[in-house]
Structure formats: C-alpha cells, structure tokens
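Common to both upcoming complexes is subunit A, partnered first by subunit B, then by subunit C.
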Partner chain A sequence: MRRRSSSSLVSSIASHAVLMLGALVMLLPFLWMALTSLKPPQEIFRFGLHILPEQWGGAENYGRVFSDTPMLRFLVNGIVVCSAIVVLQVLIAVPAAYALARIPFRGRSLFFSLILISLLVPIQVPSLFLYLGFAHAGLLDTYASLVLPFIISAFAIFLLRQHFLHFPQEVIEAARLDNFGEFEIAWRIVLPSARPAIGAFAVFSMVAHWNDLYWPLVVVTDPAMATPPLGVVFFRNQESGSDFGALMAAATVISAPLILAFLLAQRTFVRGLTSIR
Partner chain B sequence: MASITVRDISKGFSGQPILRNVSLDIRDGEFLSLVGPSGCGKSTLLRIIAGLEDQDGGAIEIGGRSVDAERPGRRDVAMVFQSYALYPHLSVYDNMAAPLRQRSLTQLQRGFGLARLLPEARRKEAEFRREIEATAAMLGITALLQRKPAQLSGGQRQRVALGHAIVRHPKAFLMDEPLSNLDAKLRDTVRAEISALQRRLGATFLYVTHDQAEAMTMSDRIAVIMEGRVLQIGTPSEVYHDPADLRVARFIGSPRINVLPGEVDSTGRPTLLGHAVDFKVPSSAGSRVQVAFRPHDALICSADDARLTGTIQHMENLGSDILMHLALPGADEPIIVRESYETAARRRLGDKVGLKLDPQKLLVFDEAGSARLGQDAPVKTKAAS
Partner chain C sequence: MTPLSAQKRAEARVGLMLAAPAILLLVLLVVLPVLATAGFSLTDYRLGTQAIGFAGFDNYAALWNDPRFWQSVANTATYTLIVVPGSVGLGLGAALLIESRGWLKPFYRVAYFLPVASTFIAMAIVWEFLMNPSVGLFNQILAALGLPSVNFLGNPQTALYSMAAIGIWELTGFNMVLFMAGLSAIPRDLYDASAVDGAESGWDRFRMVTWPMLGPTTFFVVIITMIRAVRVFEVAAVITQGRPEGATEVLLYSIYVQAFQYFNIGYAAALIVVFLAVTALIALAQARFGGQREANR
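== the complex of A and B ==
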C-alpha cells in the first residue's frame, strides 16, 4: 500500500514535470516578449543571455507605443471588429444549426456536407474575389470589409448542430404545443443549453480574428482602420524595425486583452469543448 | 373542453403501415385510454391528434372543427410526455407560465423581457400569476415554483408536467404514458390522482398506455389497438367481460385469460382436449374454435368429478388468493385458476385435480380468434376492417 502510493507520487511528479516543461516551452516566447518590453535598447542588444532587465526601460517603451502610434485606436478597432464578427456569427449560426439538427427538409444532409467541406477552405482561396468585390463596392478601409467575410462560420454551425442534436426531442415538441415558433424554440428553448459551446466558440473566434493579420493587410491601408496586429506592422515599418523594446511593448499590449479574456472564460471554454458527446 | 373525432386515419413510416384506417369518437369530458402492446401505433395516433406528426390519410376534428391544417400550437390541446418534457433552463413557475405567455402575449411583449415594462403585459402577468398559483396549489407544488426541473424528483416533475398542461385550460389533454417513469408505488398514487383530477376538471382526456391495469382502473372507455387497428372500444367491463376478439381477451386482464382449442362435433358441442362439454356453439360440425375463460370462472375439483383433468404445476401466492397453474395434457400453456387461500391450502404441487368450467362464462371464438361465437355474444362494438 505504502509502496504503491509512493510510486504513484513519483509518477505524478514525473508527469507534472513533463507538463511543466511543455508549458514552459509554450510560455517562453511570451515571457521573452514581456521581459524585452521592459528593457532599454542597449540592454536588448548586449551580447549574452540576460533574463531579467538590469535597467528599467519599460516606461519609455510603453510610452512610445502610445505616443508614437494610435494604439488606442487600434485596440478599439480590434474590439469593434471582433465583437461584430462574433455576434453576427452566432446570430447566423444558431438558426442554421437548429434547422440542420432539428427540422427535416429536403437536401439537409447535402447542406450539412457542404458546410463540412467549407471548413476545409482557407480564407486565402476566395480572398481575391472578396477583395475585388469590396473594391467595387467602395468598402475597402471600412469595418464592413473587415467583418463581412467572416460572419458565416462553418465551424460555429457545426459545433452548435452537434449540441442541438442532443437536446431532447420531446421538449421541442412540448414547445411547439405551447405555441412557440421555430425561431423562438431555437433562441429561447434550445440555445440556453448550448451556452458553454457558444462561450467556447466565442473565445476561438475572438482569438482568431484579433490575431489575424492576413485579411486586414488585404483590405486596409488606412492606419485609422487598422486592427492591432496590422497596427504593429505599420509601427514597425515606420521605425524600420530597430526599436525592439517598443515593438515588444506593442506586442504585449495587443496580446494582453486576449490573455485576460481567456483566463476569465477558461472554465466555460473547457466545458464547452468537452461536453460534446 | 371539446370532443375529438378521428376519421379513417392511416399512417406509415418508410412503407411500413403503423395505423390502418383508425376511427375514434372521444366524447366531451370523457377519459378514453388507448391501450395496446408497444409498437401498435397508439403513440403515433396521439401525436397525429396533437399535430406533431402528419397523417397520410384521414381527418381529425377537435370540438367539431377540422384541425388538419393547424399547427400544434393552434390546436389548443395539451400533452403530457413520458419524459415530462420540462424546459430545463426555466424555473417551475416559468415552465408553467410559458404556455400562457405564448398564447396571450404578443411577440414583442414576450420577446425581450419587456413584459415587466408594458402596462398591458403587466396586467396579464398578474393574471398568469393567479392562474399558476391556483394550479400549483391544486397539485401541491407551490413550494417548488422557484426550483429548476433538475432539482426535482421524478414524482415532482410529473406534477409540474401536469401543471404545465392544466394551467392554460386546453380543449383536451393528451397523455403519452405519463406514469411509466415512476416507481410502482408512486404510480398507484398518481393513477388515482389523475383520475380524480380528470373528474374535477371535467376535461377530455386521451390517455396512451401499454399497461392494461392503468387503462382498466382510470378510463371511462378503453380502445384496444393492435397492429394499427382498433380492435374494440368499450367500457372497462365491456372490454373485460365481452371481448370482441381473442387478442383483446388475451391483452386485457391479469392474470391472463385461459384458452383451449376445440373442435365442434356433429351435435354442435365443442370437444376440448378430446373431452366433449355440455354446451352448444353456433358453428358447423367439424369447424375449429377457441374457448377462453377467466381464471376466476373455473373451479378446481377432485379428478373423478370432471372430464378435464391436470396436475398442479405451480402455485402463485397473492396473499388473499392463490393462482393455481394446471398442466393439462394436450394444452399448450398451463391453465390458471384463481382459488381462495383456504381452499388452496389443501393442495400440493403435483396433485392430480379436475377442472370444472361454467358454460355461462365461456367465451367462444372462431379458429382465427377474430370473431366471437354464441347467441349472447355481443356484436363488435367498433372495429376497423
């Protein structure tokens, strides 16, 4: 008994050590970014490995980020664009997923296969056509061009459909007898049970679009419309990329909201992804 | 309250017929049970009446008005499901309020939590509250109103499901095996409660069950359905004492009815297991018949006093009565006879005994079992062809 528990302690320590090593490898770039953002330029380029800053360069670096670039504007753009994308994605995905899961109609499985296939198509494939379309519509350099290509999410439809499939059929029938319409059933009866899944999806979607550089680079040239990653690119170009301290400070500023959001939503996020049976 | 008329309803799933030209008249304020083995189509019929399923042919009228084109929410019937089907994210109060709100508030009033702001909606909400509280008091669930369904026991959920149905005063109640998820003891209590409730409301109840005892104890009338057809409709005692079909006789009653095959001789008397009995049946000589009798309509006597004899194979003690299982040579299944405890105390397993039948109580069917024979046999009350 005693031996078994001590051996299980050893194996537990060993497995945690492996996990911590993995976590360290993942965290190292972020840690390095954060530490570099606190160092003055001469220390960054000094030969040899110095982990902690010896001189305090943080104030100067972060000060430059906010004085030399419209960083607040970038952050606001990022929040507006990402929230609009997530809200519209959910608004479209909920009725679509409900119909695919619960309303029998001709061609339902064909629609569902098409949605699954579209999961495999990256944004790069239709980007030229989308660009031309927005250019002709005069929508380049607008929020619309940043948001509209993403409002139909095959992943959201798929994820919610899987959740809705497990909702008890008799409750839906009871709702029909209670004079609920199909839209009301989707939003007011079935959706509340899928809240964790929607939370998980929202985190995924936020991260993907907050960090996206490709699409903003295609449709935005006006710095006033730039999202945070594009803003950092503009900033780097202006400074010819030599001021690493300030650059790392900018990178820290734009990744901080995501890290905070994830820490707050972590529990919902994990539950939403693991509760798909 | 309203009557329900079912005319020639047929329905199939992927080519497999489930209901074949079923017709039924459910009177206003009547408690009618649809009973039959699982897969006989009784639940499908209920769902067609509710509008949850479309029929392939035939028509449904509720309160004298055709509802075939109406969606479920407009038919004004309430259904109690086997799984209770409560809204999992709503409190008991909101579960009961849902049908009221969906019926009398506009989309705008119920949509965005505006119910509390608009004076018209607030007045209605106060009305709903009175209605819900009165119903909850009647069912004894007042203390549960703020709970969520997940925090309730099976019996409590059952009551909430009833409350959800009652609160909006529908034209008729449709119940789909509402007791089958309760444990046996609770089921007996709720059975009596539902009957009392129906009398109190004076409402039309259509009740689906596979349990013949439930149907017998609760209903005004029973419709026995098998293989998609209504075999017989009648009061519990008609269906029990005057079955129109051998399948009905076998399905209704516990312990089951006894059946012996026989052949009619030249004098018009059937021979059972090679022994002539002393009554006539209106069937031509040489034709085969099936003779059925209930376990309490036979007597066990000494082997010398009867033509039919057998050995005691098994004794089932029910406390007040004992069920004697007799093996008769030539019979496929044991004959069950109900005896009082005192009489049965003298008997031992393996005893050779005689079996006396009361000719007045015998039910004689044709060979296929689908028609009753005999002068006083009733005309089939109602059976689909």
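== the complex of A and C ==
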C-alpha cells in the first residue's frame, strides 16, 4: 500500500513538472510579447538576459502603434468584416440547411453533394478567379471584396443540416396534432433548438476570419482597409525590425480581443473551435 | 391527413426557395471559380497581356520541370511530416497527463489551448522576435550558456525546422482538446475489466484500453492536422518570404507569389489544381479509411 501511494506521488510530481514545462513553452510567446511591449528600446537591445522591464516603455510603444498606424481603423475593419461575414453566413445557411434536412425538393441530393465537395475546397482555390473578378469590378480594397467570398459556408450548411436532421420527429408530430402550421413549427420549434449550434459556428467563423491573413493580403493594399492581421503585417514591414517594443505592442493589441474573449468564455470557444468534427 | 401531391409540390417549391440563395452563391463563389481555375491552367494567361491562348498541358509540364516547384513540394511534405507526428503526439501526451491530474486541469487546458484561440500572424511575428539572431530571447539564452548563436529562420539548414516548431506550437492544443473529448468517451468499466485481465501499470492500461479505444479519434486528428499543415502559409509569406535559398518556400506561398505578385495566371492555376488534388487526396483517405474503420467495429 505504502509503496504504491509513494510511487503515485512521484508520478504525480513528474507529470506536473512535464505539464508545467509544456505550459511555459505554450505561454512563452504571449509573456514575451507582453513584457517586450512594456520595455524601452535600450533594454530590448541591451546584451544579456533580462526578463522583467526595469524602466517603463509601455506608453511610448503603445503610443507609437496608435500614432504610426491607423490601429483603431484596423480593429473596426476587423469587427465590420467578421460580423458581416458571420451574419450573412448564418442567414444564408439556416434556410438552406433546413430545406436540405426536412423538405424533399428536386436536386436536393445534387445540392448536398456540392456542399460535401465544397467542404474540401479551401479559399486559396477560388481565390485566383475571385481576385480577377473583384479587380475587374473595381472592388479591390473594399469591404465587399473582403466579405463576399465567405458568405456561403458549406461548413455552416453541413453542420446545421446535421442538427435539423436529428431534431426529434415526435416533437414535430406533436406540434402538428396541436394544429401548428409547418411554418410555425420551423420558426418557433425547430429553429430555436439550433441556437447552440449556430453559436458554436459563429465562434468558429469569427475566430477564423479575424485571424485570416491570406485573403486580405490578396485584395487589400490600402492600409485604411486592412484587417488587424494585415495591419500588423504592414506595421512590421514598415518598422523593418528596428522597433521591437512597438511591434510587440501592435501584436498585443490585435491579439488581445480574441484572447480576452477566450478567457471569458472558454467553454464556448473550445466547443466552437473544435466543432469541425 | 393524407398528403396530397399538390401539397407535396408546394412543399418542394418552398424547399427550393429556401435553398436557392445558397445554391446560387455556391455556384458563383465555389463551383464556377474552381472550374474557371482548372480552365486557366490550360492557357498561357498572364495579367496584362491582350490575348489568351490555349496551352494544353504546358503549364503542368513547366511545373514538372521547375526545380522551385519540387522544392516547394518537398518543403511542404517535410513540414507536414514533422508537424503531424509532433503536434498529434504532444497533443495526445498532454491530454493523457492532464486527464489524470485534477486540480490544475483548468490552467493547463487554457495554457495549451491559448495558441489556437490567438491571432496566429501576431504570434508568428513574436516567434520571429524570439528567434532573432542578435536580440532574440533564444539566442540570449544560448549566449548566457556560452553556446554559439543560431540564426533560426535565416539559416537554410534550420529555417524549415524552426517553422515546423512554430507549427507544432500552434496545433498541439487543438489536438489535445480533441483527444480529451475522445478520452472522456471511453467507458470507465473497460479499465476495471482490463485490471481483471491483468493490466497493472498505467502503460498496460494505455496499451490495452486507451490506445485501441482512441483509434477513430487519432485517425481523425491526424487527418485534420495534415490538412492544416499542408496549408502552411503565414510564416513563409510574411516572415521569411520563402527564403533563405527557398528553404521555406511552401505550396501556398508559391501559389501566392505566382498568382498575385507575378500575375502568372495560367501557371498559378496549374499550381492551384495540384494543391487542390493534394488536399482532396487527404480528405478522400479520411472518407475511405475512416469509414472502413467505423464499419469494422
């Protein structure tokens, strides 16, 4: 008995040591980003290992981010673009998914096959043609070009179809017996049940599009239209590695919204981001 | 109560109406662009030239003979072959260790998942700073230990591996959460039964119960990670620009450069078709072997 409990104590300490080391590696970039954003340049460039800031350089670094770049504009662009994408995705996906799951219509299986195939097509594949289209229409450097390619989400339709498909038929039969019309059943009974699935998808999509760099890099060259990831890339290229304090401050500012949201709503985030299964 | 065929027809009309916007957009934003891209790949189209000529498979032949293309393929493959086992193995290890440790579990979970929830390009810029050859933290540590400095992302010998290390950091927490879900679905009494069968150590329990029961989860995690690893882009595009000496040139970056910097539309389209074929093959492997696995149960 004693041998067993002491060996489990040893293995427990060993596990915690390994996990703590892993956690340190995972958190290191975040800690170093935040610490560096508070250091004045002479400390960042001083030779030798210094962890904590000795002098306060935060005001200057964050001040430079907001004076040298339209950082607020980047953040507003990010919010506008992501919200527009998510709202339109849901508005278009919900009726389509409902029809796919519950209403037989001509061409339904062909439509569903298209959805399944589209799940395999990342944005990089249509990007060339879409770029040429937007360029031709004079829509580069606009919200339209940032939002439109994403308003159809095969993933949202697939996810919601699964949800509607598994909605219990007995509930619907019972509602029919209570003289509910088909439209009322859809609107007042089936649709509200999809709220958690829609929420999980919204988190997934928000995070994906807030972080997306590829498409903004393709269609945006005007800093005023940049999303936060593109904004920080512009800032990095403009600094060309001379002002790490301000660069780390910029990285902190654009990653703070998602990190805070994650810390406040961990469960929702984890569920949303892993909902791809 | 008997359904009339007129009612059925009316219902079908409603169904089609509800699906119509999605169908239209799917055709416009996915089907048409994919078909058009496949079409472009058979032309000599370059932005700025007047005439577009049919070029047959010339672009594919040019790809085949382009050492840069093969380097890009090799780099993407190497990156994938490092990041998949690395992040899947570490994700599984973290999930197993965290599952059995009660009180710090919430902290570990947040710490490991944070990279997944953060803005990757911002963190990639932080990694670039950490790996900076003169003022970066890693080289400060190496210097403090009396070791020579390493130009992690600037040396062709280490650049791709440094990029892969960042990739493992990015994906481990995601895989960990998927494994934790898989672990929590294993019925407790299987462990009791394995104890009756003579499983004594933690390793026995892992070998006899956990690993076989996690099979479908592991397969799924491997596929998902492969698809994500093949799409590696940000670090190559922003930090290294495929340098040094093409050591970090990966498929998506080649596409980006050919399409949107050189405007070599035909050639880029051929690259995109190759890229789509690679990702589709991985997904088909999942459909084929993932499905078979389920059927075997």
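Here is the rule we use: the second predicted complex is superposed on the first by the 211 of 277 C-alpha atoms of A that agree within 3 Å, B and C clash if a C-alpha of one lies under 4 Å from a C-alpha of the other, contacts with A are read in each partner's own complex, and residues count from 1 in each chain.
To be clear about the criterion, a contact is a pair of C-beta atoms (placed from the backbone, for glycine too) under 8 Å apart; a residue touches a chain by one contact, two chains touch by 3 or more.
Predicted, not measured: the structure shown is a model, and the values here were computed from it.
Participant: May I ask you to decide whether A:Ile152 touches subunit B, subunit C, both, or neither, giving the answer as first, second, both or neither?
Facilitator: second
Participant: Name the contact category of A:Ala84: first (subunit B only), second (subunit C only), both, or neither.
Facilitator: After superposing on A, A:Ala84 lies clear of both subunit B and subunit C.
Participant: Contacts for A:Glu170 in the overlay, against subunit B (first) and subunit C (second): which applies, first, second, both or neither?
Facilitator: Once the two structures are laid over each other on A, A:Glu170 reaches subunit B alone.
Participant: Count the residues of subunit A touched by subunit B and by subunit C, then name the partner with the higher count.
Facilitator: C
Participant: Report for A:Ile44: first if it touches subunit B alone, second if subunit C alone, otherwise both or neither.
Facilitator: Only subunit C is touched by A:Ile44; subunit B is not.
Participant: Could you look at A:Asn179 and tell me whether it touches subunit B, subunit C, both or neither (first, second, both, neither)?
Facilitator: After superposition on chain A, A:Asn179 lies in contact with subunit B alone.
Participant: Based on the superposed arrangement, let me know which partner A:Ser193 touches: subunit B (first), subunit C (second), both, or neither?
Facilitator: After superposing on A, A:Ser193 lies in contact with subunit B but is clear of subunit C.
Participant: Mind listing the subunit A positions that touch subunit B in their complex?
Facilitator: 168, 170-171, 173-181, 184, 189, 192-193
Participant: Going by the contact rule set out above, which residues of subunit C touch subunit A in the complex?
Facilitator: 8, 11-16, 18-19, 21-23, 25-26, 29-34, 36-37, 40, 47, 90, 94, 97-98, 100-101, 104, 107-123, 125-127, 129-130, 132, 135, 137, 140-141, 143-144, 169, 172-174, 177-178, 181, 202, 220, 224, 231, 233-234, 237-238, 252, 255-256, 259-260, 265, 268-269, 272, 275-276, 279-280, 283
Participant: Would you tell me which residues of subunit A are touching subunit C in their complex?
Facilitator: 11-12, 15-16, 18-19, 22-23, 25-30, 32-33, 36, 44-45, 47-49, 92-93, 95-96, 98-100, 103-108, 111, 114-115, 118-122, 124-132, 148-149, 151-152, 154, 157, 182, 207, 210-211, 213-214, 217-218, 228-229, 232-233, 236, 241, 244, 247-248, 250-252, 254-255, 258-259, 261-263, 266, 269-270, 273-274, 276-277
Participant: Provide the residue numbers of subunit B that touch subunit A in the complex, in ascending order.
Facilitator: On the subunit B side, the touching residues are 50-52, 71-75, 77-79, 81-83, 85-89, 98-99, 102-103, 164.
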